[in-house]
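In the two assemblies presented below, chain A is common to both, partnered first by chain B and then by chain C.
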Partner chain A sequence: MTAVAAKPAAGGAMNPTAMAIGLVLMLVIIGACWKIAPGLGLMALIGMIIGGVLIGFGTHFVPVGGAPAAMGQAPGIATGVPMLAAGAGLAGLFGGAWAAEQGLVVAFVTGAVGGGLMMAITCMMVSFIYVFGMGIPAASGKVKVDPITGDTQPEFKSQGTEGHGLPFTSFVGGVIGGLLAGGGGTLIYLMLLDLYKATLPGMMNATESQIMPIAISAAGIFAVGMFLVNAVLTAYNITGTIEGPHDPKFKRWPRAVVASAVASALCGFVAILIVVM
Partner chain B sequence: MTVKIEVVAGGIPHTKIMVAGLLASLVCLYLSYLNVVTKTEMFSFFGGLAVVAALLWGSHTIKVLCSYGIGTGVPSAGMIAFGSGVMGMLLATKFGIAAPIVALVLAAIIGLIIGYLSNDVLNMKIPTMVKSLTELAIVGAFTLMGFAVLMTGSFTFANLMSGSVTFLGQVMPSFQVSFIGGSLIATAFMLGAIAIQHPFNACLGPGWTQDRMLILTAECGFLSMIVAAFMSFALITSGSALISLIVALVGWGYTYSEYMKLGKRDAAAWLDSKPIPDVEEH
Partner chain C sequence: MESIVFGIGITALTGALATVAGAAEDTESNIGSQGDPNSQVQLAPQMGYLHRIFNKAVAGEPPAYGLWCALGAGLAWAFMAMQINAVLAIVLGCVLAVFVQGVYATTAYVGRTASLKKFGQPVYVDILKSMTTVTMAHAFVAIFCTVTLCYLMNAALGHPFPLPLLGLLWGIALGAAGSAVGNPYYGKERQYQNQKFGAGVPIAQSGNIVRYAEAGERNSLDNGFFTAKLGGPASGVCFGLIVFLELWRTVIFERISAGWGAIIVGILIILIFTVIDRYIEVWARKTYGPYAAPVKEASS
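Showing the complex of A and B:
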């Protein structure tokens, strides 16, 4: 009778009406932005929507196991999406922020590599702990044959579990997810930073070097906020756990892409309003 | 086919907690305006009290939302609360004296849309989802605004963006020594996000009792307030920061002892053991 034993209620069904309403809402927000802040503001908003969609889509690749994984009863990394997002995605964001002065492409790639690297290290350490610490082999519960290596899975799966450990495809999925999410987070940061660098000096009567701490900090906190909103929306979409790109739940990604695009447009618009109002 | 796992049996109804939390944090945020009226920074501690009031409301909202079994763990609710709250709060600070009210409205709009996205686009189909995420966004915005008041003594955009440093006896304006320029907002973000999700995460289960969870929330809030009060030494006068620190310490000490009492009340049995057992002398 508590939340502990609760089962996720969301199904895989799409809701076309709600998705259409969401997309219309996004277009309205883009239109409002075009009216209020054409040019740089609109560019930043579009960049932030792309970044948000990358985060939402990328999180689907990450093998999130949650509490069952910690008990060796389900495959994946033994924690929730917010923790993985904060760990891997923000590592990418910080990596990209360091390279922000070297241009959009370099910073974007640096952010993506940072996120992917962090996920690779996480997946490796998780596998170490599963195999040598808990003594469980990697076995997927959702597929019979690993899509990449072709290894059979059911022989290694313990009875009564949904699989355990971290199968190879999940590892690869984790790295891809880190690449996409880290790159997306960096893109949001870069877009806001460019916008703030251009508008804050006029707004506060100061030189660009003086307002740099504010531009960096404000862009950073907005990027973190939007990152967490997108990651949690994706977590709601996959109802907490997913094995990786081979999981049937992965097919739900269109819903999360729409939700992330609308949420990023909304949050990005608010972040733009701060400097243009 | 959502199954409501647990009903709020007994205790204070959620609506009452919501109204009380909303009013208390709004009043506390506005009481900090005494700083401007009296031209001091002595009343900054009201920001910390607003944080505690908002957190009490927020942790009960998380309880209402998470008792449906959203499947993502309790911390996700705290993260989305502050992710959506920080947007509304920062934009609202531009509206001067109206900032808390504007933060309430803006965060409600953002939370409403994110709630709609979760419930309908992502097909969560949880009856209280939209209402809960709206409440959580407001709680996130109020908590961050409360921390801003606690650390800087003000909730207006200009004061959060710029501070002053005293160098060789001269006071110079500086954007770096400020709530946003110094990235204190990032610390406030995490202090609040952890304080809002921890109480229900720690207290959930068959032995959940409302008063124990709420007193733990207050304890987490005051604990965050202690850290924030230490940070406020950099931005406001030492005397005012000291008042905040003392209020936080007293509040934390009281709520901690109360929580221990309630913890012992709800426990099946307990043994007052010592960390290092006494060695018998022979």
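Showing the complex of A and C:
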């Protein structure tokens, strides 16, 4: 039995009570932050929650086929959900951090484009290897017609498989996922960097230029950590493989968004506590 | 102007290093069978197909390479802080990181294969001896190239992140690119070489991997030899393009319109790759044709 044949079980069910408890928990954490670090700390936490939500939501767009895709048994990219999202998002974070001096908006968009660029190249090369290396055309297993191009899918599905390769909608989903994940990761980094730049000189009795290496390193490490937290949470929500925005599993995103918001609030709160307590 | 020319040179060098790193990474992961196709290597003995394939997939390629590249970069950074020459420091850091990779490969192979004892799968000591060193050699090339390009980004191009953090970021991206592009070629095209070309592996065939070579039983060196011809170079081109284009758009266009130049160029590159991808998809549909007659609307 492979992951393809595994049933989604109760994975798609929403639990309103759990989501409500999650939102209350997030509000409690925001309240605690407002009490301990009003102003810049609270702004940083809200920015990190938005960044985490962007990562969690964006990861749903990324077409991931896991092990079945590596055998041409299912569409998508043949690797894990959090791994691919992390690869794209961290490539975006690299660009965003480089552009941090040019302001929040430019750095955020630069990070987003960096993530989208990584996914565009990767998805194109995946199509290349499927078509020219393995002689397999793309076919979706979840829809009969590609929602963007209108190409029919079932007749291009080889016998005994759930589809294979990357249909165009999956490619677009991958790029959108990379854009959101790259932007989200960059936003978390920028929020923390601003906070650390403002608070570390006082804490360490040093100038801003002296604390910059520490501020950049700490903000970068927290951004990477929070990125992985949100990407892995989303992987649990997806349970295995997803073809992209046209996959029925995509409709599960509200649950992951709430979970990402709560997890980002908690992780962000810890990242703020190390400089305000 | 001189700084831009210098930046372009460094960008080209990092792109070349990334291409070599991507190719070495994919070949290493295929010889070690670390990608997603390893699910079949693990499954085969359970279906009655005993084999001599290496088996070290206790972590995905991205986190594993994130660890090894961060380790190599961190150690190199520490050696440089001890006033050791940068080239020597990077080599020493990468050698130590590769020893960790060797320990990882050894324990992973022994652990994963021992777990298949009840299905009769032996732990082959000769496989352990001959494959581990080859994966270590390929891992050294991949880690050394990645750490070197991270050093160039930090020291020559002035990226603010410290070397270990860059090693972690680009190690994860290297593993993501290598596994995304290289895995299907290793999984479908090599492990299931006995299946029809130009079609996916039927789910019912899961676990029935090819176990025999031209002479004797197939081992993972045969797999690395095969995938190094296309899957490895394609992974290298993928990672090389990612690194090169990300740096190129920043180095040349960052100063135009206060950063918006690099963003617009990035969006244009994404659109170009979108067009190429669509062309490949349409080409495949027209050239290969459907597997079955189109399903009529009324019957669907």
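As a working rule, the second predicted complex is superposed on the first by the 267 of 277 C-alpha atoms of A that agree within 3 Å, B and C clash if a C-alpha of one lies under 4 Å from a C-alpha of the other, contacts with A are read in each partner's own complex, and residues count from 1 in each chain.
As a convention for this text, a residue touches a chain if its C-beta (ideal position, glycine included) is under 8 Å from a C-beta of that chain, and two chains touch if they have at least 3 such contacts.
This structure is a prediction, so every number in the text was calculated from the model and none was measured.
Colleague: Assess the superposed three-chain arrangement around chain A: do chain B and chain C clash, or do they fit?
Modeller: Partners clash after overlay.
Colleague: After lining up the shared chain so the two structures overlap, which partner does A:Gly80 touch, if you call chain B first and chain C second: first, second, both or neither?
Modeller: Touch status of A:Gly80: both partners.
Colleague: After lining up the shared chain so the two structures overlap, which partner does A:Ala99 touch, if you call chain B first and chain C second: first, second, both or neither?
Modeller: So A:Ala99 only meets chain C here.
Colleague: Determine, under the contact definition given at the top, whether A:Ala206 touches first (chain B), second (chain C), both, or neither.
Modeller: It touches chain B, and chain C stays clear.
Colleague: Which partner does A:Ala18 reach: the first (chain B), the second (chain C), both, or neither?
Modeller: Touch status of A:Ala18: first partner only.
Colleague: Report for A:Ser217: first if it touches chain B alone, second if chain C alone, otherwise both or neither.
Modeller: After superposing on A, A:Ser217 lies in contact with both chain B and chain C.
Colleague: Please work out whether A:Gly225 is in contact with chain B alone, chain C alone, both, or neither, and reply first, second, both or neither.
Modeller: In the superposed model, A:Gly225 contacts chain B only, not chain C.
Colleague: On chain A, which partner's contacts cover more residues, chain B's or chain C's?
Modeller: Touching more of chain A: C.
Colleague: Counting only touches as set out at the top, which of chain B and chain C does A:Leu190 meet: first, second, both, neither?
Modeller: neither
Colleague: Could you say whether A:Ile176 touches chain B, chain C, both of them, or neither, answering first, second, both or neither?
Modeller: Neither chain B nor chain C is touched by A:Ile176.
Colleague: Just checking: does A:Pro167 make contact with chain B only, chain C only, both, or neither of them? Give me first, second, both or neither.
Modeller: Touch status of A:Pro167: second partner only.
Colleague: After superposition on chain A, which segment of chain C among 112-120, 148-156 or 292-300 overlaps with chain B?
Modeller: 112-120
Colleague: What is the shared patch of chain A, the residues that chain B and chain C both contact?
Modeller: Chain A residues touching both partners: 2, 4-5, 66-67, 80, 83, 86, 213, 217, 220-221, 224.
Colleague: Provide the residue numbers of chain C that touch chain A in the complex, in ascending order.
Modeller: Those in contact with chain A are residues 35-37, 39-40, 60-63, 159-162, 165-166, 168-170, 172-173, 175-177, 179-189, 191-192, 197-206, 230-231, 234-235, 237-238, 241-242, 245-246, 249-250, 254, 258-260, 262-263, 266-267, 269-270, 273-274, 276-278, 280-281, 283-285, 288, 290-295, 300.
Colleague: Where on chain A is chain B touching in the complex?
Modeller: Against chain B, chain A makes touches at 1-11, 13-15, 18-19, 21-22, 25, 66-67, 80-83, 86, 204, 206, 210-211, 213-214, 217-218, 220-222, 224-229, 231-233, 235-237, 239-241, 255-256, 258-259, 262-263, 266-267, 270-271, 273-274, 277.
Colleague: Which residues of chain B touch chain A once you look at their complex with the stated criterion?
Modeller: Those residues of chain B that touch chain A are 1-3, 5-6, 66-77, 79-80, 82-84, 86-88, 90-91, 94, 106, 110, 113-114, 116-118, 120-126, 161-162, 175-176, 178, 180-183, 185-186, 189, 204-206, 208.
Colleague: Give the list of chain A residues in touch with chain C in this complex.
Modeller: The touching residues are 2, 4-5, 66-73, 77-80, 83-84, 86-88, 90-91, 93-95, 97-100, 102-103, 106-107, 109-110, 113-114, 116-118, 120-138, 144, 149, 151-152, 154-168, 171-172, 175, 212-213, 216-217, 220-221, 224.
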